[in-house]
Structure formats: structure tokens, C-alpha cells
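Both complexes shown next keep subunit A, but they swap its partner, so subunit B is in the first and subunit C is in the second.
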Partner chain A sequence: MMTEWPLWEVFIRSSHGLAHKHVGSLRAVDAEMALGNARDVYTRRNEGMSIWVVKAADIVASQPGDKDALFDPARSKVYRHPTFYNLPNGVKHM
Partner chain B sequence: MALFEYLLRLGDNTLVLGQQLGALTGHGPVLEEDIATANIALDLIGQARLWLSLAAEVEGAGRDEDTLAFLRDERAFRNLLLVEQPNGDFADTMARQFLFDAWHNELLTALCASTEPRIAAIAAKSLKEARYHLSHSSAWIVRLGDGTAYSRDRIQRALGRLWSFTGEMFEADAVDLELAATGVACDPRGLRAAWQGTVGAVLAKATLPVPADAWMRSGGRRGEHSEHMGYLLAEMQHIPRSFPGARW
Partner chain C sequence: MYAQMVDTGVERLRTAQELEGDERAFQERIDAGVRIEPQDWMPETYRKTLVRQISQHAHSEIVGMLPEGNWITRAPSLQRKATLLAKVQDEGGHGLYLYAAAETLGVSRDDLIEALHSGKAKYSSIFNYPTLTWADIGAIGWLVDGAAIINQIPLCRCSYGPYGRAMVRVCKEESFHQRQGFDIMAKLAAGTQAQKRMAQDALNRWWWPAVMMFGPPDGESVHGAQSAAWKIKLHGNDDLRQKFIDQTVPQADLIGLTIPDPALSLNAETGHHEIGPIDWDEFYRVVKGDGPCNRERLATRVEAWEKGAWVREAAMAHAMKQRNAA
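The block that comes next holds the complex of A and B.
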């Protein structure tokens, strides 16, 4: 009767961070428990300000086999990269 | 001294419950719950340290938090009988935690308004942790209550077993009344209605009946403990008593 709890992926935005970062996964029966568990497992040492949990089953990942088709076309075209601009000193996080 | 006595009660509740939960580390039903229990244990030990340090300071007899925690005998402990009850199975642990958390939240909320600023400060810090403890234990009461027939039976029995320890939380003695009169403490009797409200709402959500009030046990706050307390202290105090002043 006992079936395994679903897997959840946990994303945390740290106190000084701009974006949520994937930190790991855990098991929980629903979103509420997943948030509680994420708080206990991943934020005990003040790591975070905000937590996202999402069912692992809801994540669609790119296939390793598609790597060339997805990423190679950009690699040889330097004009796609914004490397020709000088950033003012005041601009951070870029 | 009433204030010293009162601070011991606060410190001993959190110390004994923290010790109990600490014993579960590595034994949780799942990894996530194991870590949650350890977190709650650490929160409670942290609170115990604050209360007992203040108690030692108020007493002014050269004792400190360690002396109070590790060198007092059973009869000198002032915790509620509820917190010294054995961990039992997961339902027993969660029932004990829930009944305590619901009370602890009301108590700390009241103590945030204490006229003794150090009590108000510790209460405010502790309340943030206690809120999380209550949401955690409430969630488990609901899950166990409306889970399988087996889990429902276990949690219902656990609540029934522990119910006779809840009356003590709302008893007022001379210490409470003296300190409540000056606004340093709160009258425990005033916490009952809110506690019943919280417990009733969660049990309703868990589809569990509220256990009937019957004979209530009491005595922890006078140093008259249940048979479990001696074993708990023997384990907790063994090292500091065997190796006085040991450090690592």
C-alpha cells in the first residue's frame, strides 16, 4: 500500500542572489510539505530568502543527444555575443 | 524567588523536549523528516539556553546554563509532564509536539508583551521558531488523521494517551499569579481558550475527535515527575556528571 512519495526539485534564491538556483531534490507528498522539507533540508544555514519547489515530473529537460542542434549554431558566431560593449563600472551582475 | 522559578519552567520545557527530539536524530521515518526533527530539537535547545542563562543570572548564585541543565536532579526540574513523555512511535512524538506547540505559541505570544524586557526579547525570538514547529506538527496531525486507517488509529490513540497531560499547561500557582500581577508573566489559565481553538481546528481538519477531558495529571512544575524523567536525566547528564568540567 505504501508507495514512494513524489520527487520535488528545489530552487532557492539566496539573500543576495538575483535568481533562484537549483539546489537539489527531496520527497514530499504535496507542495506544502515540499516547501517545509525544503526549508529544513536546504535553508538551515541562512541560505535563502525564497524557495520554489516543483514536481520533478513537471520538468521537461533537453536531451543530451540534441546538444549539437541546440547549442552549436551559436558557438561559432561571435557577433551573437555582447562582448563588444564596454560596461560602465556601475553596472553589476552581468 | 518567583522569577527564577518561572524561568526554570520555561527553560526546562524546551530543554527536556529538545533532548527527547534529539534522541530521534537518525531515526526519522524519511530523511526530510529526520532533518526537520533535528532542526526543531536545535531550536528548542537554543531557547532552553536563553531561558536558563537568564534564570542563572536572575538567581545570582554562581550557577550558569550548564550547571542548571546538567547538575540538577529530577526534583529540581520544573518542566511539564507532557514533554518528558517517551517518544513512542511517530504518532506519539507528533501528538506530544502538537499539543505542546499549540500551547507554546499562545504562551510566547503572551510573553512578547512581558514587562520584563529580557523575557519579551527571548519570547519574540522563540515565537518565530515555535510558529514553524506548530505548522509542522499540525500538518502531520492532519496527514496521520486522514491518512490510512492504521495511521488514524495510531494518532488518535496517541492523542488520547497524552491528553491527561494537557491540564497542567493551564494551571496557575502562586508563582504564576505573582508574576502575572506585575505583567512579567501571563496567567496560564488565560491561554486555554486559544489553545482549544487551535487544537479543535486542526483535529477537525484531521477528521479526529477531540479527546474527552477526564482526570488530568499534574506535578511537573512542582518537581513531581513521571517515571520517565529519571532515565531521561540519567542519559542527558551522564557525561557532564562523570567528567566535571570536561570540554571538547
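The block that comes next holds the complex of A and C.
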């Protein structure tokens, strides 16, 4: 038996960070090894407080070719933004 | 450099007008400074060139652990030993980031490693030189990692997103390596006569190989021109080499060591240091597999891979068993 170890994507939340951020990937036989290796490779200089590892095969990405269909509808909808309204000068904190 | 003489698979550089369809749109994105990401369309030659370059870079990190690893058990103090260990550990991490970046191009790491072991893929010529004394560890950090930084900082802005992002991480750690190496050399040069002689001897042996790391002179190379058009190589070999020389010569002066080049002189008009002729025959000999340590380095890698096969298989079998039991 000689199959290649599966690929894992690594996400880290730094000590000052609010969210987990993708930092890279690695190969490991299982989640436990992936977590251990991610700890060694990506947090050796206090870069993180929390690690997520996800099998690369479990990630579904949007296609660059679908960019227009996916994101264009958002562009013409100014009414979704608060800046659409002009407030009188006297109003504070709104 | 860490990736020397990368074949782009093209015979002639085509102008923007000669490109059509997808390829033209691709070149226009590059020219506009847009990063290319894994799922974007790219010409096959661009993909292959990047696989060659990034994997050669990754292999260099991994093979580069050997010359320095040679001195871990013999480092002269516990502090020196701990920092050397940390550095070699970093190199392993750099190899990992780079293999991961290469894998976004649709190749598998095992295939890349197979290409290294069969001699099909190359790694940097510099790692085919032996580490004969402790001072060589200082010379490698100062010169080899110093040269690496000069090459890798521009690569942070290269057109392929995953490669550029890997380089950002790598560069942060390389500057630690260079300072560590320079500190070893400075302390030896300020030490006893014997220590100073050892430092000078290491500089004598590593200077030219480090200068050669930037690869042959550019100009006639179609591969260099194509890589420049694709923005996966942002400066010519000679420019980077000059930068390295101008940066390193004053550092040697500062710690009282002599660059082993009788022709070395400072051109007052240009402000650049001019060096004597480079022995390109030696460079090509080493690149083609006939340097002092080529056989030993490759044999060590292949042995580790083959003797580790049962451990990799055991880990995989154990993971399967756990999964089935769950």
C-alpha cells in the first residue's frame, strides 16, 4: 500500500486576530497529525491561539468564470449600504 | 539562485500582439499587475515553468538542511546548537510551504519528490559544497541566506499568488538566518588567531559558490526573458548578483575578513564593486551533478525516503484503522 497522504488546509486565529485566517497547507495521514504539524510549522513564533485543519478535498471553491454571475448583482444595489442616506448636519452617532 | 536556470519550455518570446484569446487576456492581467490564482486559466508553459521553479526552490530548502545538519551535533556551544536547530527546522518549514504552493498547480508532492530523487529535478548548486568546519555554518547563514533574501524579496511580488505568499513567510525567517550566520563569522573573526583563520578559510571557500548562486549572466537567455514577461522573475541574475556583492563586501571589511578576489575593486563612478571573472565551468559542472557533494546529497535523500517507507505506510494504515473504527 503506498497512497499519498491527504492534503489539509490550515487556518489560524492569531492572538490579536478576530477570525481564523488561511495560512497554508500540509500533508498528513489524519486530522491529529495535521494539527500537530500545523502547530510545528505555522505557530513556532507565537503566531496563533487557535488552529483549524480541513481536508482540502472537503473545500468547495467558487469558479473564477462565475465571477460575474456571482458578484455582479451586488454592484447595482446601493440601497444595501448605509451611505445611501444623507443625514442632517445636527444628527450625531447614527 | 534557489531556483537556477529554470526551463520555460519556450523557444522565442512572443510580443503581446502575437498572443491570442485566453493567452492574450492572461498576459494583459499580468501586465496590469493582477495576481494569478490556482483556479485561473494559465498557459501550460507558465504552469510548467512555475512547477519547475517552485519545486526546485522547495528541493533546495530540503537538501539545504543537510550541509548545516552536518554540524548540529558538533556545534561549539549550547546556544549555537539551539539556534542552528531552529534554523534547520525553519528550512524544513520553507520546503513545506513551497511544496504546498507547487501543489496548487495540480502536481502532487510525491511526484515532485520522485523527480528530485531520480535526478530529473534540480536544487540549488550551493548545497553541493561540503561544510568542513564550524565557520562554514556562519558562512552559509551570512552568504547563502543573504543571497537568498536578495532573490526572494522581489519574489514576494511575483505574478503567481501562492508562490508570492509563501515567499512572504520565508523572507521573515531568512533574515533571522542571515543575522545568525553573520554573528558566527563576526565572533570568530574577533576571536583567537585560529578562529579568525577558520572564518577566513570559510569565506574563501563559500564566496564564489555564493556569487554563482544567482545563475549565469543574463542577456541571451530566452528563459529569463519569458520569466520576466510572466513576472515570475522580476530582476536579472546580474542585477541581483551586483546587489549581493555591494551589500556583502563592506560587511566583510567591517569584521576584518578579506573577500578572496584580487581583482575586486570599487568603481568610484558607478558606486559598484567590480569582481574578477567567475568560473562558469565549475558552475555548470556542479549543476550537472558533478560537484563535490552531489552524489552524497542525493543518496542521503533517497535513503531517507526508502528507509522511511514502512513508517509512512504504518501511519497510513493506522489512520485507516481509526477511521474504520469510528
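Here is the rule we go by: the second predicted complex is superposed on the first by the 80 of 94 C-alpha atoms of A that agree within 3 Å, B and C clash if a C-alpha of one lies under 4 Å from a C-alpha of the other, contacts with A are read in each partner's own complex, and residues count from 1 in each chain.
What we mean here is this: a residue touches a chain if its C-beta (ideal position, glycine included) is under 8 Å from a C-beta of that chain, and two chains touch if they have at least 3 such contacts.
Nothing here was measured: the structure is a model prediction, and the numbers come from that model.
> Overlaying the two complexes on subunit A, which is it for subunit B and subunit C: clash or fit?
Aligned on subunit A, subunit C clashes with subunit B.
> Between subunit B (first) and subunit C (second), which does A:G24 come into contact with in this model arrangement: first, second, both, or neither?
Touch partner of A:G24: subunit C, not subunit B.
> A:A69 in the overlay: touching subunit B, subunit C, both, or neither? Say first, second, both or neither.
A:A69 contacts neither subunit B nor subunit C.
> Return first, second, both or neither, reflecting whether A:M49 touches subunit B, subunit C, both chains, or no partner chain.
After superposition on chain A, A:M49 lies in contact with neither partner.
> Have a look and say if subunit B or subunit C is in touch with more residues of subunit A.
C
> Would you check which partner chain A:A61 touches, where first means subunit B only, second means subunit C only, and both and neither mean what they say?
second
> Of the partners subunit B and subunit C, which touch A:G36 in the superposed model: first, second, both, neither?
first
> Which parts of subunit A are in contact with subunit B and also with subunit C?
Comparing the two interfaces on subunit A, one with subunit B and one with subunit C, the shared residues are 1, 5, 26-27, 29, 33, 40-41, 44.
> Residue numbers of subunit A touching subunit C in their complex, please.
Spelled out, the residues of subunit A in touch with subunit C are 1-5, 7, 24-27, 29-30, 33, 40-41, 44, 61, 63-64.
> So in the complex, the part of subunit B that touches subunit A is made up of which residues?
30-33, 35-36, 39, 132, 135-136, 139, 143, 148
> Considering only the defined contacts, which subunit A positions touch subunit B in the complex?
Residues of subunit A touching subunit B: 1, 5, 26-29, 32-33, 36-37, 39-41, 44.
> Which part of subunit C faces subunit A closely enough to touch in the complex?
For subunit C paired with subunit A, touching residues are 37, 39-41, 89, 93, 96-97, 100, 103, 108-110, 166, 169, 309, 312-313, 315-319, 322-323.
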